[in-house]
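Going in written order, the chains are labelled A, B, C and D, and every chain counts its residues from 1.
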Amino acid sequence: MNNILNQIGIENYIFLCVILFCIGVFGVLYRRNAIIVFMSIEIMLNAVNLLFVAFSTYHQDAQGQVFVFFSMAVAAAEVAVGLAILVSIFRNSGTIDVANLKNLKG
Amino acid sequence: MNVSLLLILLLVGAFATYLAGDKLASKVALFFSLAVLGCSIVLLNHFNAGENISFINQWISQPNISFALQADGLSLAMLLLTTALTPLIIFSSFGNEYKNAKSFYALILFMAFAMAGTFLAADGLLYYIFWELSLIPIYFIALLWGNGDAEERKTAVVKFFIYTLAGSLFMLVAFIYLYQRAGSLLIDDLYKLDLTASEQLWIFLAFFLAYAIKIPIIPFHTWQAKVYQKAPTVGTMLLSGIMLKMGLYSVIRWQLPIAPLAAKQYMFVFIALGIAGVIYGSIVALRQKDLKKLLAYSSLAHVGLIAAGAYTLTLDGLRGAVLQMIAHGFVVVGLFFAAEIIFRRYDTRTISEMGGIRSQSPKFTSMFMILVLASVALPSTFNFVGEFTVLYSLSQINIWFAILGGTTIILGAYYMLKMFQHVMLGETNKKIFADVTLNEGLTMVIIVAVLFFFGMYPKPIIDLITPSLENILTQINRN
Amino acid sequence: MDTNLALVLLLTPLLGFLINVFFGKKLGKTFSGIVGTLSVVVSFAVTLYFFGYITVAKQPIQIILFDWISISNFNLSFGLLLDQLSILWLLFVTGIGSLIHLYSISYMHDDEKMHTFFAYLNLFVFFMITLVIGSNLLVMFIGWEGVGLCSYLLIGFWHKNQEYNDAAKKAFIMNRIGDLGLLIGIFILGMLFSTLDFTTLKTAISGATNLNSYWLGVAAFALFIGACGKSAQIPLYTWLPDAMAGPTPVSALIHAATMVTAGIFMISRLNFLFDLTPEVQNIIAIIGAITALVAATIGLVQNDIKKVLAYSTVSQLGLMFLALGLGAYQVAIFHVVTHAFFKACLFLGSGSVIHALGGEQDMRKMGGLKKAMPITFMTMLVASLAIAGIFPFAGFWSKDEILITAFEHNIVLWVIGSVASIMTAFYMFRLMYLTFFKEFRGTEDQKHHLHESPSLITAPLIILAVLSFIGGLISLPKNSWLNEYLAPIFRKVTEEEHTLGTFEYGLMAIALAGAFIGIGIAYSKYIKQNSVPEEDSKITGISKVLYNKYYVDEAYDVLFVKPINALSGFFRDYIETSISALVFGLAKVTNELSFQGKKLHNGSIGFYLFAFVLGLCAIISYLFLAQ
Amino acid sequence: MNTLIAITGLGVLCLLFEILNLRKAIVPMTIIGLLAILGLTVSEFNTSGSFYNNMIVVNKFSMAFSSLFIVLTIFLVGLSHNFYEDHQSKLSDFIAIKIFLLSGAVAMVSFGNLAMFFLGIEVLSISLYVLAASNRMNLKSNEAGMKYFLMGSFASGIILFGICLIYGAMGSFDVVEISELSRSAELPIWFPIGIAMVTIGMLFKIAAVPFHFWAPDVYEGSPALTTATMSTLAKVVAMATLYKLLSVMNANISYAFQIIIVVLSIASMTVGNIMALRQTNVKRMLAFSGISHAGFMLMALLSLSTSASDLLYYASTYSLAGIAAFSVILYVCKNRDNEDIVNFHGLGKTNPLLAAVLTGALLSMAGIPIFSGFFAKLVLFNQTIEAGYLVVVIVAVINSIISVGYYFKLILAMYTKEPNEERAGTPFFIYAVAVVSIALNVVLGLFPSLVLDLLG
């Protein structure tokens, strides 16, 4: 474990995660299908999780990994709620295109 | 026994009036206002007997604000003006029927409470709170019981409210700044401060904005005429009779002593503004079609002169200003009441629709005439005492100020007599003008009596206010 | 004792006023008239007492009633000063006042507001007394403005006619212009000497060593402006002729005998001040002379009987100011007294004529009244001779004194004065001829009603006529009782005495001749040629200009009244609106911003998140840069 | 600590009531329970300590704010009785969710460890997502929920990333350690960025410009009671948490950071007030006014060390006024499809009491004296000028002038317009909540020291 980190270097992990995170962000920004937006958010969260793990190894400290479980659980809960909302939207409007959610404005 | 009693009494009166219900409201309000008047006279005696009638108590520890009510001669004079005019105003309204009277009269008493507080408060924040508080009742009085087209009225009143609030908020900032410097807002601590010239200038200007809008000094006067016109006469009386004086009083009590350097340095500017108000107001008043608007502009002219007097920073100026404040308070209430009396009979405020009242009601005519003469400061009326003193102080600063300010006695006579001629004289009017009722007559007579008495014998008031004014002067000249 | 008497003197007219105001209606016309008259008579009696006292004791009485106004550098008390000057004035104010009250009882009997009329008259007397006996400038100012007020009320007495009201307003405002001057003068005196009390002021000024002559001059000039307003001198004289809108007794009392002399009173009161400012004195003299001439010229062609008298009053006042300007105060006062007699007489006479003709004032519609109303005719004739300055009538002495003084100082002033008095003689007799001689030119039913006025009207006429005949006695050349009497008031009285040489007799002769010339012209024109002034429309040339009073009113209208009203309209319609537009403008701007902002919140999640990310990046990058 | 446990227990209890068919009892019982918890909290006010190796740190600050949250929740629960009359079956769920939301809130202000902070904020947010979308059949509600959910979880992502960076820089989640470390050596650049990202996440929650866009839409779309919850409880919670976060984690906050806060605060109040001017939907208007108030509260962050009590005071006055306002809105807009200002016409005649309450609430928000909102502004201005940011205060003053414009629009509508139709019924709970909350507000105005001295 340790030596791998030494070989590669923490910075690279950070860059990787940042890139992943940005991918997620752009996904959220540019995709209109709600499901895909959810997935993008998941990507963001997972990017962070990965970084957590990397850091925890870097610091030789388990807290980070514990935190990952928290965040995964939370993410799961979030998505559950999100999907529920999505379902009711689909019931009422027959579409899951977030770009159509423009009734509230001004 | 101290001054806080007065405020409590007024507040209780307000609630009692509200609870009394529409039938009794006016009576209860009158009762309480009279009680307060008596109470304030008792206080005056205590004060003259040299007792301490102030009330100071820690209120907020952090920031350090105290509930300080201090009564010196000046405050008492203004307080008496308030407590004397309030019953008159309430009494004058007996001729009218107001829907939801209980709220109406409760608001009047509440406003009296706020204004009395403003005159008494000796702590910056407390003063500011009362200052703001007095705005709310008049806002509702003008809005709900006013006359004329609702939309127009709404714009006028809201403009008035936001305008005055805007001014006073800058005063609040100034106060906070002062608090940073003094660590307290007690007026004595503020007097002790020695601020740099630039600080004083900014603070002075912040105060000036608040007061110039309230008084009003041109060019901040545009709210005035419309609100006076739209508000119910009672509201107009409260505004012009007492509320204006809050601004002038504050100039003397707060602005000048706290920022004397600025006051001295830019004295000419502010005197000039005041005098410009005199001339401007008088000229605009010349050709007003609406009686109340004309009176509004006349009062703009008068307060301009008063402000000019206050800004001379001389004993005469301040004393004249205070005397004139009180005198103007009574006259203007009387005049607006006269307008109301006419309105009750002719149901119009348009001058061109009046005329020929004299041959219908000589009594009313003579009272109205006396008020007109008082407002043009005929010697032996109270206003002459004030105006003379103010003009004298102006002449001491610069003779031209006196000459320009003195045009008020010419222009004033011009527009007032012109108004009188078209309102009262001429061929007998077609419309019926029932002679003044007992209540109306009584109100008028009281006002007239006050004007004449203090016109011939202003000594009591002068003796009352002079010491505190001298004290303020020493504060002004402390550095 | 004296205090109480003084208070009686001062307050009885006020009492009469109050009674008439509150109970006048109930009292009934005659009774309210009697009350009014009595109250003035009482003060006259008291005045007589004080007169006797002062002639014996020669000591002025000073009474402090109470403290009034306090100014930083001095206190003003409400006090009375009864000295030779004020008592002299009181004598003819209350004396002639009571006569005119008496006259009014009958004259105003047909008016339903008689009690109001008497109330006003009493009020006027009250204020006039205050003016005269006030012990300091400010108490005097009370009376000063008070009489102005009463004149306003009385000119506009018939308030249903807006033209009368305009005249009243005009009078009040013109007076106010003067009052401002007076106030300014008061301010300066107050600043210079820290007192406004006459006696202390006198000692202060005469005692002072290094006086600031500049400010003194300004003060004197300002005071003179005040006098101009009250005493109808150029340029503030135009209100007086219009003031004839009031009932005739009013014109007699206020606008001939008493109020208009207030300016002269004030200047003689402050003679010690004016003596120190020769420039101002010159101005006064010149203004006085010009006024005398101008007014006289206008008087030449007027056809309204009261207008003629009004202009003659202005012209006579001009002569008095001429005297004042030359420092001959007692001469001016002498003329004031005599003028009070004969001008009051003339006005009351004209009143009785108008009364007889049922309100007709145009001389072109009169004539031949000699037979109908002999007493009126006789009395007016006496008065006219007096004003024309015919020996030995009162006017002769006083006017002659003035002219001699003028001659001694400046020949030009003398010429002007003489010309003015020649004209006076002319238009007075023009008036007499047109009114009383030849045959009646009025309507038929007027002719039927022609009658001599009742005794209540004629009695005062007779008294006044007698006075204007013998009035000259009070100050004959050589042994002038008046100068003796006034000696304590004025400094240079003794030098002013002129020796009666042939040269003076010559001047008298010239003056007399001039008077006769004037009368002669009038005689030839209106008796011999029997010509009557033609209709207004036919008047042309110079006489048209004169008839229209040199168009001064019109000029004032164009120069002052119209511009101010135009300005008022401009302010009302443009400045006011634009200022408030400025205020509302701010509100509009914010509202507009709000409106634009609504478009920004377009409800699209994409945009929202985009903004989110943008903000994020901005902050992060800023932090990087800040590092 | 006990507070947190008790609250969670109460939440479970609510669900149990449903099972035991004690639906009637739910609201009263919950309120009683919350009152008891409030008493507990107040009694423990001065006992500070840390639990579960610093997962939770209890001190005056957390206690004070927790009590405020509990009070607000009591009001909200009180309102829900009337609000959920129609679908009683959901009552227990909604109330339970509110209680859990409260537990999240309490966790947020008493966290000692970033994990706790994260959990707290998620509990809060997720419950809010649910509440926002709780009106299933109404598309607007769905849309509101969706918007809130998407952006909320996006924000959580940011926060998470921030936490991660902080952890990376410090190697610990414990705030105490972090703050010590932050003081000591010079730090990797990730640390300030991490702080910034967490802050931004919180700024989103309190709806500060430019992260505010969700607020108006969500406020408008959500059921009124949820809006009330968001605009009072959630906003206050987020604000308090942000304050605690910054004050605990790095006391010596950098100048650049202060500049950011100044800019954001100015932007928030200006945008909020100006946007509110033209709104006709009252909920939306209050959303924007909430944004401006967030801007005001941000001023507290300029003097972190001293302004805790000021923030507490501002928060309590603002939220109390908000509760009062929303209770009236709930009453007026019951069975209305929208909350348009038209519904308020003539309220002054038809129901003077509630009209007066709403007027008072609005005046308090506008900062008119004697209502506590004035003092709240005053103390904040005072702090800010002391910190040397006169400019912000001037802008704030100008903004309060603007704000009067729209607050009075509503007042005018109530008093000068003619009523469109009578509203029947006088629901006790609404009256109680409205009157009590405004009364509390005024009391705070008369005796500001009550609150101002708590944390002094």
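Throughout what follows, a contact is a pair of C-beta atoms (placed from the backbone, for glycine too) under 8 Å apart; a residue touches a chain by one contact, two chains touch by 3 or more.
Values in this document were obtained by computation on a predicted structure and should not be read as measured data.
Common neighbours of chain A and chain D under the contact rule above are C. If each chain is reduced to the centroid of its CA atoms, chain B and chain D end up 43 Å from each other. Taking each chain's centre as the average of its CA atoms, chain C and chain D sit 79 Å apart. In whole angstrom, the spacing between the mean C-alpha positions of chain A and chain B is 67. In whole angstrom, the spacing between the mean C-alpha positions of chain B and chain C is 37. Along chain A, residues 25, 28, 98, 101, 103-106 each make contact with two or more other chains. Of all residues in chain C, those that touch two or more other chains are 598, 601, 603, 605, 609. Within chain B, no positions touching two or more other chains are listed.
Which chains touch which is summed up as A-C, A-D, B-C, B-D, C-D.
Partner chain A is touched in their complex by these residues of chain D: 115, 118-119, 122, 125-126, 129-130, 133, 136-140, 142-147, 149-150, 153-154, 156-157, 160-161, 163-164, 167-168, 171-173, 190, 216-218, 220-221, 279, 284. Note for the complex: chain D touches chain B at residues 309, 363, 368-370, 374-375, 378-379, 381-382, 385-386, 390, 393-394, 397, 400-401, 404-405, 408, 412, 415-416, 448-449, 452-453, 456. Against chain A, in their complex, chain C makes its touches with residues 598, 601-606, 609-610, 613. Residues of chain C touching chain B in their complex: 21, 66-72, 78, 116, 138, 141-142, 144-146, 149, 152, 156, 159-160, 162, 165-166, 169, 172-173, 176-177, 179-180, 183-184, 187-188, 190-191, 218, 564-565, 567-569, 571-572, 576, 579-580, 583-584. Put simply, chain A touches chain C in their complex at residues 25, 28-30, 32, 98-99, 101-106.
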